[in-house]
Amino acid sequence: MEAVTQQIPLEHFLALSAILFSLGIYGVLTRRNAVLILMSVELMLNAASINMVAFAAYASPELFTGMIFAIFIITVAAAEVGLALAIILRVYRNRGTANVDEVSDLKW
Amino acid sequence: MEVSGEVTEEAAPAQTPVEDAPPAVVPPSERPETGREREQLLLTPVEVDHGKAVYREALPGILQIPADAALALARKSSLWPMQFGLACCAIEMIATYMSHYDLDRFGIFPQASPRQSDVMIIAGTVTKKMAPAVKLLYEQMPNPKWVISMGACATNGGPYTRYDRVLQGVDKIIPVDVYVPGCPPRPEALIDGFIALQHKIMEERGKG
Amino acid sequence: MVQEQQIDTVDINVNMGPQHPSTHGVFRMVLTIDGERVIDVEPHIGYMHRGAEKLSETMDYRAAIGYQDRTDYLTQFMNEQAYCMAVEKLLELEVPERAEYIRVILCELNRISSHFMFLGAFGIDLGHFGTSFTYGFREREHIQDIFEETTGERMMYGYFRPGGLVWDVPDNFVQRVREVLPKSLQGLRDIDMLMTENEIVAARSRGIGIMSAEDAINWGLSGPMLRAAGVPWDLRKDKPYSIYDRFEYDVPVGRHGDVFDRYLVRIEEVRQSIRIVEQALDQLPDGPIMPEKMPRRLRGPEGEVYAAVEGARGEYGIYLVSKGGDKPYRLKMRSPSFCNLSALREMTVGNYVADAVAILGSIDIVLCCVDR
Amino acid sequence: MLTLTYDVGNIWLDALLGVLAIVGLMTVGTLALIWLERKVSARIQMRLGPMHVGPYGLLQTLADAVKLIGKEDIRPRNADRWIFELAPFAVFVPVFVALVALPFTRDWAVSFLDLGVFFVVAVTGLSFVGFLMAGWASDNKYALLGGLRAAAQLISYEVPLVLSLIAVSMIVGSLSLSEIVIYQGRVPLFVWQPLAFFIFFVAALAELERQPFDIPTAESEVVGGPFIEYSGIRWSMFFLASYTGLIVYSMLGALVFLGGWDWPLGRELGLWWQLVLIVAKTGFLILLFMWIRFAMPRLRIDQLMSYCWKVLIPLAFLQIFLNGLVLVYDWPDIMLLITSGAGLLLAGYVIDRAVRVEPRTLRLVPAGRRAKPAPAGAESGGT
Amino acid sequence: MRGILKSMYITMSAMLRKPVTINYPSYHREVPQRDRGLPILLWDKEVDEPFCTGCHACERACPVECMTVTMKDNPLHADEKSTRRKIIDEFWIDYGRCMRCNICVEVCNFEAIAMNNTWAGHELSTFDRNDLVLDLDQLLAQHKQEKIDEWVAD
Amino acid sequence: MTVAQIIFYLIAALAVGGALGVVLARNAVYAALFLILALLAVAGVYILLGSEFLALVQVLIYAGAITVLLLFALMLTRTTDVAESMTGAQWPLAVVVSMLLGGLLIVTVTTSDWPGDADGTITRILFEDLGAALFTQWAVPFEIASLVLFVALVGAIVIAREEEGE
Amino acid sequence: MQALLDNYVAVLLASVIGSILVASALITSRLLAPYSTSKQKRISYECGMLPAAGPARSQIHIRYYLFAILFLIFDVEAVFLFPWAVTFLDVGKAAFYEMVIFIVVLGAGLAYAWKKGVLQWK
């Protein structure tokens, strides 16, 4: 472990993460296509990961918790995307649309 | 939303799937009625547009000469023909690519797609059914491009000149640069044609 | 606007040809594919229809030879042979022994060269980067040298004439052929080593495009296609023409009727052809090459004849109707490529796109022969 | 004396010089490789290959390049403009960036990454995006088919590639390429890990889309695949990327399995020897790739996929497991060779069983009729 | 596996064999004596006039109708120098159309036409298809300059 | 500005630009490609935070594998050409909500007092230590991750495959 | 850290320079190559025919997606394998068996896919 000064305050990272997160929210709210919503969700997840890693790097470097959380976030995101897209495809096949407004009822 | 039948109808005209349709996207209403007129349309020569290179306007004249020369040298050294055989002449064309004659010695290397080729070797009889395809393929080649008419059939119908469905020479539809006589021309004759084409490229450098 | 509802339509229509590296000329198929599976094939022919039959009817029996060469441009001698046999039948000409032998030698050499073309092209269809093709053509070239020394042309020989041959063969003909035969065997061995046992070739070509014996007969297939399906039918044996009954050779017959068997049958046929040529060379008699009394201008009596030879692709037949005069009234070619091609759809549907290419290649069509 | 080591001190300048060196290397290397490939193919096919442009056709690829620059650049009418135009970037840049992490000699690489191996696979794994972009944007069914095939193939074969490299790094205990090379000071890793080397080689072959895995660009099926609509210089970028990829994977193989610039001459030797070694080893792998290219037909897509998922990936796991076992229980090194060799033999056996083909025989039918003897006069002999 | 190794072996062995390529433009291999290039007219060196009498036989027999022949009275015959009463006046052959079938040579009774069996009968590429229509002088030039190795059928 | 700062602003701009592209692009494939850009930029951020391993994971998994899934899904659902149905009508509301949220977050972030040095001293995390921690302290979650992945794989196969309709 | 940044600056620079390389080639080509405005030229190539009916960017087959899922799962696994490969000797046998379990679980997934015929590209 080596400590380095690189003169980027922690706030910068947090701000970046905040921007990404709110853009993700915007995408989730406006997009109607399920795949695109998923993409926005990915943005939000990434924002969260940045937060974790940044805190880990600045605040508690000896614990690695943030890093390991980020890895698990990525793992879970992979699983989530795989499943979610499978469901979307399934719905698309049955309903002919990937538009969330038209698939609002859970009954097929 | 319902599954609508018009989808295909709407999509179709843009795609023009009719195989005999002229390559130009002519709306059905403007298509000529009679078979003869239709055929005339099919057989109109392509409008040759060799295009303009920006450097010809931008560069001062003194620099154009080396640029022209370099480009012409490169072009003549790397003529990539389209993999496109029509009839019997195609066999001799293939033989020319093969071990005994090896066009690769001159950097002549066949390409499958017209987008990557420089030369079109019309190796064989062009029938009127095939003519639109030949025209389209010629158009799809990027500039600068050349055409070698190989064999009697491509030059003027050759042995089949008296038959109605055979095009009387491919220069009726696309501009031809080099004619190689013979039925079929020997591989050496085809190589000779390529050498002639190389001379032509060098002579015509800087034009157009 | 393309709507998103067409749920089940995953089929794409794809044109293959007329200009496509693997359609062996200007053949066109419209494939309907689902993912990678072919679910329908629509062959389009006629891009090479140039009226060879009709033109042959407009000129006298001798001049029309040139058009026979140009129909199936890989087996020129066999076409000439079929045509000459038809005319000879019509005119009741007797072909001298020596001419018959030379014809057989040249025809069999021609079969070898045509099969070399197939073997090479087959490799391309399976994805060889030109290696098999160059090997095939390398050997073809040696045979073509003999043809050139004999006839003066590399491809369109115009060497047979009704009644015999134009010229006698050159003096060193026998010796030259004997020189070339080992080379052909060597070339065959190269291709054999390169492809026959290769597992990828096997994986790609075994078990696809299967034709059962009955189907093959019902579709009217002939030549290697038929024999690969397990039917030992060879015109040279079963309806002997010319002097084929004097030679000893075997007819290779496949057991599975798939693409790989067609390839094997052709490889074996090359060997058998070499055998025939060797025997014919041993027996080659001296003598004239044209009948004693040849009319200067050939005039046929009224009547109709059919003569067929076993071409490299199958039964190549000429049907001649004459109403007298020096021209045929009607000339019809029975081209093997056309008949064999008719089974394409049957064999292709349900296979992969890549298999469609291999199956088409295994039919070994010549487009000028299909469309004439 | 050539000095490849420099110390400018400014990290921008430092990196810039390194990257520029790589640009030069890549350009020259690609030009030479294309020429070499044409020559090799020519010799395999008993031809001469390029002869007339420059001595022995040496300037052939240069002429090709200049010509391609002078060619018109066409974009199909219905193509998606931006994606179509950006696809060459997306294909080329990842492979190019991967070059940065490769140490050419002991002291010289643009950057010695601690996670070099990981970096190379992660970055080259991105190039499928470019193929997909090209295929999707071209508005051409062949291109789409080719692009999808390319993507499916690239992602599938990335898994065994990564796993085989992991197997190696287990032994070395590091992911840094230079440390892997240094570890092989005496015995190169392909000796310890024949199975991993085999997996790596096959997977690299597939990642490079060379025969027998050139399904995405198969000429006789999809006429060039995703690049079908590309012309001129834009098309040549794909070509450039593919040959740069050849360099990257061959060099990776040479570094990881063949002992890089170290084995067998030892690390005391000068810069030149190191260069000679690395070039020779890379060249060896490249020639092997080329040789295979001209000797093999291509697989079909289903065979390709099942080969990857049913053979290579289980084998790679086996290799990792075996290595783990040997290392954890501290068995002697030779066990690595034994287990891996046994694994390779097993693999060979399994593959052979799976693909073994019964030699087929034909029935030779004399068709009932015996040959008639030739008539009496006929024996008299030839001319 | 064995098959794949075999393929590798055969390609390597081919690589070590000598290439079969004929380096064409720098090396012209010999054309066989019977080579059928394109038809040319022969020159009667004894009388210094073409053999051809303009009898139209070839023109009529040519399957692709690529020849044009006109005849005239032979001035040399009037001077008693030649036995030919009529002689060729103009003769065109469209090389672009000729299918090299040898029929014209076979029908000519005067052995006045032959197939060119030199390289000159093959290296005829032109930039304009009208250049492929050769007139009498051009057709005779080859034999006049004795470039032709005669090989007359039969 | 130090090198790190320059790079940070560059990368932040890329990330924000990519994210904007994701939420604004009219064409779904464009959105996916912008997503790749944003993800790669985030990988850059990880490097600045001293964790190159995480950056490479980001490249390999996020930019490499997840996007291929997204792209395939886009092509499978053929939603790529449909611009209208992509953006709903409530965009003004969404703008307001996300602006508010973003503003709130940024204000919080900048006004709070965070641990760590103000001059931005970070600690590079060694890959080996990370691995060691992962396989000791985090062993259980690690195994659970494998189960998650397993379930995702099986679930996806079951869900997506069924309609192939054998 | 500084070394880390050093190394990755080169990466950043390489991607920029790589893009510049491509872009400059394209620009040179734009200057030197002839350009024409023919409409026919821009019809997409389909073996000399007009494109057959049906949109070119049509739906692809679900099979591609299934392979992508498999790839994703195994890629994630590889990510865990990388740190494991380097550290498992230090951590001891436990790490080895942890990973064995991990692989076995995912191997079961692969086996399931195999059994379900997902690997069979029909």
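Which chain is which? They are A, B, C, D, E, F and G, in the order written, and residues in each are numbered from 1.
The working rule: a contact is a pair of C-beta atoms (placed from the backbone, for glycine too) under 8 Å apart; a residue touches a chain by one contact, two chains touch by 3 or more.
The model shown is predicted, which means the values in this text are computed figures rather than measured ones.
Trainee: Give me the set of chains touching subunit B intersected with the set touching subunit E.
Mentor: Both subunit B and subunit E are touched by C, D, going by the contact rule given at the top.
Trainee: Comparing chain centres built from Cα atoms against the global Cα centre, which chain wins on proximity?
Mentor: Chain D is the most central one.
Trainee: With chain centres taken as the means of their Cα atoms, state the distance from subunit C to subunit G in Å.
Mentor: Between these chains, centre-to-centre, one finds 46 Å.
Trainee: So the centre of each chain is just the mean of its C-alpha atoms; given that, what is the distance between subunit F and subunit G in Å?
Mentor: 17
Trainee: Taking each chain's centre as the mean of its CA atoms, how far is subunit A from subunit E in angstrom?
Mentor: Centre separation, subunit A to subunit E: 79 Å.
Trainee: How many angstrom lie between the centres of subunit C and subunit F, each centre taken as the mean Cα position?
Mentor: 62
Trainee: Give the residues of subunit D touching no fewer than two other chains, as numbers and ranges.
Mentor: 11-12, 42, 44-48, 51, 70-74, 113-115, 118-119, 136, 141-142, 148, 151, 155, 158, 175, 219, 223, 228-229, 232, 294-296, 301-302, 355, 357
Trainee: List, in ascending order, every residue of subunit C touching at least 2 other chains.
Mentor: Residues 1-2, 4-6, 12-14, 18-21, 36, 66-67, 131, 134-135, 138, 141, 156, 194-195, 197-202.
Trainee: Mind pulling the residue numbers of subunit G that touch at least two other chains?
Mentor: In subunit G, the residues touching two or more other chains are 1, 4-5, 8-9, 30, 32-36, 39, 41, 43, 45-49, 51-60, 62, 64-65, 68-73, 75-76, 78-79, 82, 86, 88, 99, 113, 121-122.
Trainee: Under the definition above, what is the set of subunit E residues touching subunit B in their complex?
Mentor: Going by the criterion above, the answer is residues 19-25, 28, 38, 63-65, 94-100, 119, 122-129, 131-132.
Trainee: For the complex, give me every residue of subunit G touching subunit C.
Mentor: These residues of subunit G touch subunit C: 46-49, 51-56, 58-61, 63, 121-122.
Trainee: In their complex, what parts of subunit D are in touch with subunit G?
Mentor: 11-12, 14-16, 18-20, 22-23, 68-79, 88-89, 92-93, 96-97, 99-101, 110-115, 118-119, 136, 138-144, 148, 151-152, 155-156, 158-159, 162-163, 166-167, 169-170, 173-175, 223, 228-229, 232-234, 236-237, 301-302, 305-306, 309-310, 313-314, 317, 320-321, 324-325, 327-328
Trainee: What residues of subunit G sit close enough to touch subunit D in their complex?
Mentor: Residues 4-11, 13-15, 17-19, 21-23, 25-26, 28-30, 32-36, 39, 41-47, 51-52, 56-58, 60, 64, 67-68, 70-71, 74-75, 78, 81-82, 85-86, 88-89, 92-93, 96, 99-100, 103, 107, 110, 113-114, 119-122.
Trainee: Show which residues of subunit B lie in contact with subunit C when the two form their complex.
Mentor: 1-4, 7, 10-11, 17, 19, 82-88, 90-92, 94-95, 98-100, 112, 114, 124-125, 127, 129-130, 133, 137, 153, 159-160, 162-166, 183-184, 186
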